[in-house]
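Shared between the two complexes below is chain A, which has chain B as its partner in the first and chain C in the second.
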Partner chain A sequence: MHKPYIQRQRADWWLRNPAYRRYMLREATALPLFLYTLLLMSGLFQFTRGEAAFLQWLEMLRSPWLLALHGLALAAALFHAVTWIALVPKILVIDTDRLRVSPAAVKLAHQVGAVVCNAGLLLLAVLLLRAAAGN
Partner chain B sequence: MRRSHEPVAWSLFGAGGMLLAFIGPGLVLTTALLPWLAADDPQATHAAIGALLAHPLGKLLVLACVALPLFHTLHRIYHGLHDLHLPAPRLPLQLLCYGGATLLSAVTGWWLLQV
Partner chain C sequence: MTETVTVRVQRYRPEEDTAPWEQSFEVPYSEDLSILDALNQIKDQQDPTLSHRWSCRMAICGSCGVMVNNEPKLSCKTFLRDYREQAAVTVRALDNFPIERDLVSDISGFIDHLETVQPWLIRSEEQPVSAGAYPQTPEQMQRYAAFSQCINCGLCYAACPQFGRDPAFLGPGALALAQRYNLDSRDEGAAQRMQWLNAGEGVWSCTFVGYCSEVCPKDVDPAAAINRGKVASDINYAVNLLNILRGKDDA
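After this line comes the complex of A and B, so read on.
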């Protein structure tokens, strides 16, 4: 039997080509987003411990480290959203005899939807918290 | 042939990716601003979040916003480590990533039942 041919690849293969670097940057958005999810979990945990613990967590969010994490997570979430939606028309192909939607239209629909949902969530949170504080 | 974990892992990864694209930036901005949004009346913010967490749909929403991003990010981290040629055997790394996502999701579900 022949020995199997193994294609050698250097560990820094992705550094040489701008497209590969962008790919790795896209994959790396997962890291700050994972840490951010842990931060959300910590807020939920403090909530289970009572009001005082939750309010302390709320104050902790003002710390420069957590603001930096938020900034990093925001950049990662934006880069993720743009690259993710750019890939949607490659996966969601609507091309049948009865219904045909161009890839550009699929992408645009997702872009509009994402902008509306993200802005809507922020607006909803601001309005609800203001209404709650008004009571 | 052993059944692949990939369809399940990819479904959760895909759902998490879509969720993060549609509400990720908005959610991050909301929690970034939360201490300032709540500054006038922090107790009212606590009560408002309590009202969200008291409702079954609110619990489900929060679980989705934690569990799906966990599966999404840990799937990318697992494959990213492979891309970086991390010299680690596959199975323990899979257990760590997908098992970790499962465990953290279960803990989140447990906490949601406590409030």
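After this line comes the complex of A and C, so read on.
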């Protein structure tokens, strides 16, 4: 008699194993970043409505809830970046007859790149602020 | 009196049952007792109707994959002593596969996926046997060696939620095998296999959960293989796009 039992994936499959929970935590880092993007876009919208509206939006940013969202979004972005870069050497394997780069070097290059890009952005922001203050 | 351990075993008898259920057995404990030994003890001494698969007892044949306390494991390579802290050990058939009977899964879907990716050396021109073997340096072999260690046990498929959601997904084992041949210096079939990597059921159905690599008993690292396949698929896409823009055939 052939009557196989078909196992259906349960809706809570991702709660049932620590490996799946870690995966979902990593996927969930998109949520605070999504909210942060909405916040930035609302700022842009207020900017188009004139100075008073934009200043009011800036004032709103001082709310503890929005400060917490900024902290959460930063933590989520850092967690995502660190775990992502840790996986890069497994995927970006440079090993041919002509060129070979060690996994450690690939990882280091990505870490240095991330630090340089972020420091560059910060520097640009500071320079723009100074120029604005100078006017 | 001999110390015993409670082993809860999933039963499914297609003649009588509509769904799997759990049966408890007391198994005499010893330090070197594997889950497979425990299952054999149950079948030989307690209930001869229990069905489970096994053969080599040394993690080579890949037949004895089961879920042990919800983790995909080879029962021959998993020992009761590692579960001493827990009240009982639960043994189920592998997740994501149809259950044929008790602990026996139907893994034919996975075997079909293995065949799909053409896992053999493809040459544009076969040389005659008299010409001898295709030579390869140890460095060239090292590039795919880890991916060639697969024993087709199916643990990675039981670990993969994407395969659980959609059994059409070629899955970790088959895509790692495709990568094993694509990285082989003697092989010239990467272009033929690209259609399977690029397909909806190919590498892009993987969301890099990574649990397949954690459970692999032979350290094949299928998650790395699949995601290297994504890099190859990306390059293939870019080259095709460039060719189309230059008015050439994309193939």
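Here is the rule we use: the second predicted complex is superposed on the first by the 114 of 135 C-alpha atoms of A that agree within 3 Å, B and C clash if a C-alpha of one lies under 4 Å from a C-alpha of the other, contacts with A are read in each partner's own complex, and residues count from 1 in each chain.
One rule holds in what follows: contacts are C-beta pairs under 8 Å (C-beta built on N, C-alpha and C of every residue); 3 or more make two chains touch, one makes a residue touch a chain.
Note that the structure is predicted; figures quoted are calculated from it, not measured.
In the superposed model, A:W14 lies in contact with both chain B and chain C.
Applying the stated contact rule after C-alpha superposition, one finds that A:V126 touches chain B and leaves chain C untouched. Contact with neither chain B nor chain C is seen for A:L99 once the two complexes are overlaid on the shared chain. Of the two partners chain B and chain C, more chain A residues are in touch with B. Of the two partner chains placed around the shared chain by superposition, chain C is the only one that A:P4 touches, whereas chain B remains out of contact. In the superposed model, A:M41 lies in contact with chain B only, and not with chain C. When the two complexes are superposed on chain A, the residues of chain A that touch both chain B and chain C are 9, 14, 27. Of all the residues in chain B, the ones that touch chain A in their complex are 17-18, 20-35, 37-38, 40-50, 53, 62, 65-66, 69-70, 72-77, 79-80, 83-85, 104, 107-108, 111-112, 114-115. Listing the residues of chain A that touch chain B in their complex gives 9, 11, 14, 24, 27-31, 33-34, 36-41, 43-45, 47-48, 51, 54-55, 58-59, 61-62, 67, 70-71, 73-74, 77-78, 80-81, 84-85, 110, 113-114, 117-122, 125-126, 128-130, 132-133, 135.
Contacts from chain A toward chain C in the complex involve residues 1-7, 9, 13-14, 16-17, 19-20, 23, 27, 87, 90-93, 95, 97. Of all the residues in chain C, the ones that touch chain A in their complex are 12, 14-15, 17, 19-20, 70-71, 93, 95-100, 106, 139, 143, 159, 161, 164-165, 207-211, 214, 221, 223-224, 227-228, 230-231.
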